[in-house]
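Alright, structures below, take your time with them.
Consider the two complexes below, in which subunit A is the common component and subunit B and subunit C are the respective partners.
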Partner chain A sequence: MEKLFYVGKSLPRKDARIKVTGAAQYAGDREFSGMLHAAAVRSPRPRIKILSVSDMKARRVSGYVTLVTYKDIKGVNKWPVVMQDYPFLPEKEARFAGETVALVVAKTARAAKKAAALVEIKYKELPFVADPLKALEKDAVKIYGADNVLSSFVIKKGSVDAAFKKAAYTVAGEFSTNYQVHAYLETQGAIALPEAGGGMTLHSTTQCPFYVLDAVAAALGIPYNKVKILQTVTGGGFGGKEDVPALVAAHAALCAAKTGRPVKLVYGRKEDFQSMSKRHPGWARVAYAADKTGRITACRVKYVLDGGAYSTLSPIVLWRGTVHAAGPYKIANVDIKTYAAATNKVPCGAFRGFGQPQICFAQESLIDELAGKMGMDPVELRLKNLLEPGDKTITGQRLNSSCGLKEIVQTVRKRSGWDKKVRNRKSGTGNQGDVVTGIGFSATYYGVGLGAKGRYLDRAGALVNIYKDSSVGVNVGNTEMGQGALTVLAQIAAETLNAPYESVRVEEVDSSKVPDSGPTVASRTTLMSGNAIIEAAAPIRGRIFKTAFDLLVAMGADASNKMTAAGGLFSMGGKSVVFKKVVAECWFRRLKMSEQGWYAAPRTTFKLEDGQGDAYVIYSYSADAAEVEVDLKTGVARVKKIWAAYDVGKIVNPKLALGQAQGGILQGMSWAMYENLVYKNGIMVNPNFTDYVMATTADKPEYDITFLEKPYAGGPYKAKGMGEVPLIGVAPAVANAIKDACGARVKSVPLLPEKIWRELK
Partner chain B sequence: MMKDKNPHFSFRLSCLVNGQETEREIESSRSLLEFIREDLGLKGTKEGCGEGECGACLVLVDGKAVNACLMTALQLQGKELVTIEGIKGRDGGLHPLQKTFMAEGAVQCGFCTPGLIVASEALLRRNPRATLGEIKLELTGNLCRCTGYEKVLSAVEKAKKLL
Partner chain C sequence: MPDFIVKPSTLKELWKILPSLPAGRRYLAGGTDIVTADNCGAESSECWIDISDIPGLALIKETAGSLFIGSGVKISAIERSAAAARWCPALAAAIPHFASPSLRNMATLGGNAANGSPCADGVCALVAEGAYALLALKGKKRRLLLKDLFLGPKKTALKKDELILGFEIPKRRHAGAYLKLGPRAYFGISKAAVAVSAEIEGGTIKRASVALGSVAPVPLHAARTSAWLVNKKLSAETIAGASEIVKAETSPITDARSEGEYRREMCGVLLERALKSLAA
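Then we have the complex of A and B:
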């Protein structure tokens, strides 16, 4: 394999300096001359018929400018996301408490908020549905189609009933998980700037500038070539800035179009809680069958997601959950049925893990129950059944060599001292007193990229420019949201061009510079944009290397030696020339120093009838062990340490990868242990950081993280994707550890003390 | 268009902002955060929640870390304000905390970073030998959704040695 100079090193983050000095400009930090401010008027009830919207009282607020309603929409009043059932602004019916019904524009943000509170919505309450399981019952109030089903999938393989009949062991259980709020520290926001000639430029905090482009063009009824989306420095996403920023930006654009002035719309935290997407609450009934040796022979799953009032991304989230529903095991007989149900609550969408963490909690908890029933070690049971290269997944996809699942499970087993800890517990030397400790395990896999359900969007572009001074500008269509994309992609560009890393700058997305590159989701940015950069850079690299060779020969280097290139230096036969000089010569020769690249993911398939096909291009893998402490008197549990190992292909930047892992683990642990969004009668009860509790520095466990880099031939420098795997398996590992510590099997997330305490009684 | 019925009193505020004598006419109801971001145009101080829950808007007032969203601007009268823009090393370059946050990889999306640096600076001014436990406790008021806090804590630990 070729020697790499920049890829694989913990090079400094490109955007760290502007962030530590406070100089980074997020959407809310930008000011424009003559700029007005917008605020949303929101529906107060779960489901209403809108009779009228009046700004009579709002007009009295000093600085009030105007009210914007659906009547101001010149384009189509349908937000273009998957199923197009969500209007930009509702005309007759608002379907969840917090839905934007109208917008107010004023001279200051404070005046806009004050005026918005004074806008009167006259309405009639309509019957609503809040419980997703009840929504699927025959006699439920119908709020979506004939059955309240937003989306549904099946995977069928083999003969499940026969396998269950023949099984030596069977287990079954019902599990549920609650919402998770993204709680990105920067709330949603956008600024819309009207351009002469009827165009619109948006400054938007977003993971998906091209979704914003789709939405703004649709709402304004103008062609794409008059709309420009500039992604601002984005203060966290985690999926929460996948689809919904498009709605926020479209609202800002409608206000700007009506007033002819720049308009800023930045959300407050409460409205962000109430109206922006969430991790779906999940409910699952899972059953496994095994023969007497512990080989899992069948799996049956019914999985329901609470989709909320509009479908948004639910079909895709559900599909990912469906494909991964049985866990990372080879199982011959499978019967999986999944549903996303409509309810009159906030629409749920993308959140790191994307429909997998909910079902993973259920099935990985149940794997431990199966091990318990058999008297087998849970890690042994997993090792017996884990997917290996050449095995087929439940969708019939044969795995290639980039599958290090067994190795990472063994790594975590060894590093966590699993065998000794389990032995101690058995011999009774482990736990004494009121505070007991336990250890739990989980294993997961994650299809990188959009897969078969998103295949038409699974492509990405890049633009590489080498300027006369040899500085390198790179534009891509995927975004930096904190994960480190600007840095990792700069490393890939520097490596490919042999340009000094310091001279490469990857910019935030400008939709007019790069073609639609799909969303920045599904752990796909390194893979997709990385490959697109390599494609763009390849011809320039050819020119640079040829020119460098010529220069070295002209300098008297013996051409029978091989030219080497590393760290911006070209060397041959004792002579060397720097990148800057080579680029100057390229420009002197009038060579083309700018190229566009394009990468489309390989083909994926999924048959709707039986769920068979090559669902994803490639998979990443994780294994987690959690050690917890439980107070038997109170049920309070604390996670002490998490050991994790990942196979995510080649690691481009180890320090950033470690940051992704630690952040993903804590986000998963926080969801597992604390985060509890409460709805009562269709109204969100705790939309704030005081009552919605998340992990802080005091709750942070110790981390022990190992990377196993199984090369993926199709990835840039053999990388796969790693943004999401660290979160997925944390909750079941913690739940299994609690069970190990005190015998309490808690089947619903969050694993609150009262639930543990109740199980102990 | 009618005017507000209850116009706010305006107030002449004089204070020290990042070492500079500053005088401004402000409305009495103005929050310190509005004053910093809108009147002074210092955008490094972030609004994460507006309710004192997240720590993104922490600034130093007479050396103590306060949530700017919970203070009125007029409470600044005669006091010294330091925002992230005023946090610098002795040589006028990067402050040791800024250097260690960068070096340790404690920065991801960066939105909580100014608040974390201000909180850490307040702690280390008060207690230059703060233990890891004390640092952890001090930073519980700063929510960060990206890093898992590990690198943040190690950055503050390392900065102690550079002060």
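Then we have the complex of A and C:
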């Protein structure tokens, strides 16, 4: 394997200094001359027929400028996401409490908020649906199509009924999970600047600038080449800035188009809670069958997601959940049916894990129940059934050699002292007074990238440009949102060009500099943009290396030695020359120092009739063991330690990878244990951080994290993807540990003390 | 945010300017409740009266028979006060449960009471301590048992513009405990909380005062439990008995924070643990 100088090193984050010092300019920090401010007027009830919208009272607010409604939309009043069922602004009906009905523009943000509160919506309440399972019943109020189904998939293989009949052991259970709020530090926001000639430039906090481009062009009815999206430094995303920033930016653009002035629209926390996307609540009934040796022979799943009022990303979230619904096991007979149901609540979308954590909680909890029924160690049962290179997934996809699942499970087993702890549990040692301890396990896999359902979007571009002074500018279409893309991509560019890392600058996305590169989601940025950068940089590398060689020869170097290149230095036969000098010579020779790169993911397939096909190009893997303490009298559980191991291919930056792992574990644990968004009669009850409780650093478990780097030949420097992987398996590992500690099998996330206590009573 | 904020520098000045202020006015002390309420649209006064510069409100002082804690005293100042630790052990025990260190630097004990929330940690502990609230309105002063200040969730006996000057806690040697069940390791609103103040002599309880947080419409003085404990040995049977009685004294609700039945049971568990800590 080639020796790497920058890739594989914990180089400092490119954006650390500006974020730590407060110099970073987020959307809310930007000011423009003559700028106005917008605020949303929101539907107060779950489902209303809009009779009229009046700004009579709002006009009295000093600084009031105008009201913007659907009548001001010059383009098509359909936000172009997957299904195009969400209007930019509703005309006749608003479908969830918090939906933007109109916008107010005023001279100050304060005046805009005040005026928005005074805009009167006259409406008639319509019957609504709040429960996704009830939404699917025959006699439910119909709010979406003929059956309230936003989307549905199946995977069918083998003969499941026969396998269940023949089975030595069967288990079945119903599980549910609640919402998760992204809780990015920076709320949604955009600034729209009208350009002379009818164009519009947007400054947007977003993961997906090209979704913003689609939406703004559609809402304004202008061609794409008149719209420019500039991603601002983005204060967290986690999936929450995938689809909805496009809606916010389109609203700002409508206000700017109407007033002819720059308009800023920055959300408050409450409205962000009420109207922006969330992790879907999930419900699943899962059943497994096994033969007497512990081989899993069949799996049956019915999986329902609460999609909310509009479909947004539900179809693809559901699809990912469907593909992974049986867990990372080789199972010959499967019957999986999945549904995203429409309800009159906030539309749910992307969140780290994207439809997998919900079903993973169900099936990995049930795997432990199966082990319990068989009297087999849960890790042993998993090892017997885990996917290995050459095995087929439930969609019939044969796995290649980049699959270290069994090895990471063994790693976690060993590092956590699993075998000894399980023995101790059985003998009851280690318990003190009212507090008992236990340990639980989970294993997962994750298809990297968009997969078959998103394959048309699965491409990415890059622009690599070396200036005369040898500084390197890199533009990509995927974004930094805190995960470290600017750093990792700079490492890849520096490695490929042999440019000093300090001289490489990757910029926030400018939609006019690179072609549509799809969304920054699905743990795909390192893989997709990384490969695009390598493609762009490769020809420049050729020119630089040839020029360096010439320079070294001219300096008298013995050309019978091989030239080496590392850390910005080119050396041969005792002579060396620095990158800066080589670049100067390239420019002197009038060589092309700028190139575009493009990478399209290999072909994937998925047959809708039976769900068979090569769903994803490549998979990453995780294994988790959780140790918990449970107070038997209060039901309060505390996660003491998580041991985790991942196979995410080559690690580009170990320190950032560790940060992603720790952050993913904590976010997964927080969802598993604390986060509880409550709806009552179609109204969100706790849209604030006072009552929407998340883990703090005081709740943080101890981490023991191991990476097993199974190289992926198709990845940039053999990397796969890791952003989401660490979150997925945490909840079932914790639930299994709680069961191990005190016998309580809690089947719904969050695993609140109240639920544990009720099981213990 | 209100249209404007005024900041009187003395009580006298406060009473003088009151008539000139708009009717929609509220006091601003540490701001940790009112600013949050404002952020989420639950507060819409035209004017806030910032009382943080008024002299005397931020004092902790001992007299012969009592300890005075001014309403403007920051929670973190109580944390550092030796007098408070000595004369208000239940209050001292409640401080680490009170929000977060940064909020404790801002929040005041007076604000904690005036906000009228049944889950206020500082107030629940002060009720157990048998504290009095000292109130003033345009030069007229009155003294009220703190437990009687609370009429319901966010409802107090404070008259319009009436100001809490401070709290008076009788000086007597006693033991105290405060236990809280929050939603996470720290920095959360209690699901249930129990404060105990007790004088114990030779293993016998001479005086007891139990207060409960988050299980009633107000910070609740558990009168029956408190009375029942008097003249009992601090034994395992007494502790078990008290934890049964206290459960019957609560009327917790189910809301987004927890469930009624769970909260009721937890009052028993927390009281049991609190009394055990006094026995240890």
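Note that the second predicted complex is superposed on the first by the 759 of 761 C-alpha atoms of A that agree within 3 Å, B and C clash if a C-alpha of one lies under 4 Å from a C-alpha of the other, contacts with A are read in each partner's own complex, and residues count from 1 in each chain.
The definition used in the following text is that contacts are C-beta pairs under 8 Å (C-beta built on N, C-alpha and C of every residue); 3 or more make two chains touch, one makes a residue touch a chain.
Nothing here was measured: the structure is a model prediction, and the numbers come from that model.
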>> Looking at A:Trp757, would you say it contacts subunit B, subunit C, both, or neither? Reply first, second, both or neither.
In response: second
>> If you tally the residues of subunit A touched by each partner, is the higher count for subunit B or for subunit C?
In response: B
> Touching A:Val636 in the superposition: subunit B (first), subunit C (second), both, neither?
Replying inline: second
> Taking the superposition as given, does A:Thr696 touch the first partner, subunit B, the second, subunit C, both, or neither?
Replying inline: both
>> On the A-aligned overlay, A:Gln25 touches which partner chain: subunit B = first, subunit C = second, or both, or neither?
In response: first
> Thinking of the overlay built on chain A, is A:Asn688 touched by subunit B (first), by subunit C (second), by both, or by neither?
Replying inline: both
> A:Ile728 contacts which: subunit B (first), subunit C (second), both, neither?
Replying inline: neither
>> Between subunit B and subunit C, whom does A:Gly268 touch in the aligned arrangement: first, second, both, or neither?
In response: both
>> On the A-aligned overlay, A:His182 touches which partner chain: subunit B = first, subunit C = second, or both, or neither?
In response: first
> Which partner does A:Val577 contact after superposing on A: first (subunit B), second (subunit C), both, neither?
Replying inline: neither
> Which residues of subunit A are in contact with subunit B in one complex and with subunit C in the other?
Replying inline: 110, 268-269, 688, 690, 694, 696, 698
> Tell me, which parts of subunit C touch subunit A in their complex?
Replying inline: 1, 36, 39-41, 181, 183-189, 255-259, 262, 265-266, 269
>> Taking the touch rule as given, give the residues of subunit B at its contact with subunit A in the complex, in rising order.
In response: 1-5, 34, 41-51, 53-54, 56, 83-85, 94, 97-98, 101-103, 105, 107-114, 117, 135-137, 139-153
>> Looking at the complex, which residues from subunit A come into contact with subunit B?
In response: 10, 12-13, 15-26, 28-29, 31, 59-62, 64, 110, 182-187, 233-238, 268-269, 481-484, 655-656, 658-659, 661-667, 688-690, 694, 696-698, 700, 703
>> Please output the residues of subunit A touching subunit C within their complex, sorted ascending.
In response: 110, 117, 268-270, 633-636, 638, 674, 676, 678, 685-688, 690-691, 693-696, 698-699, 753-754, 757-758
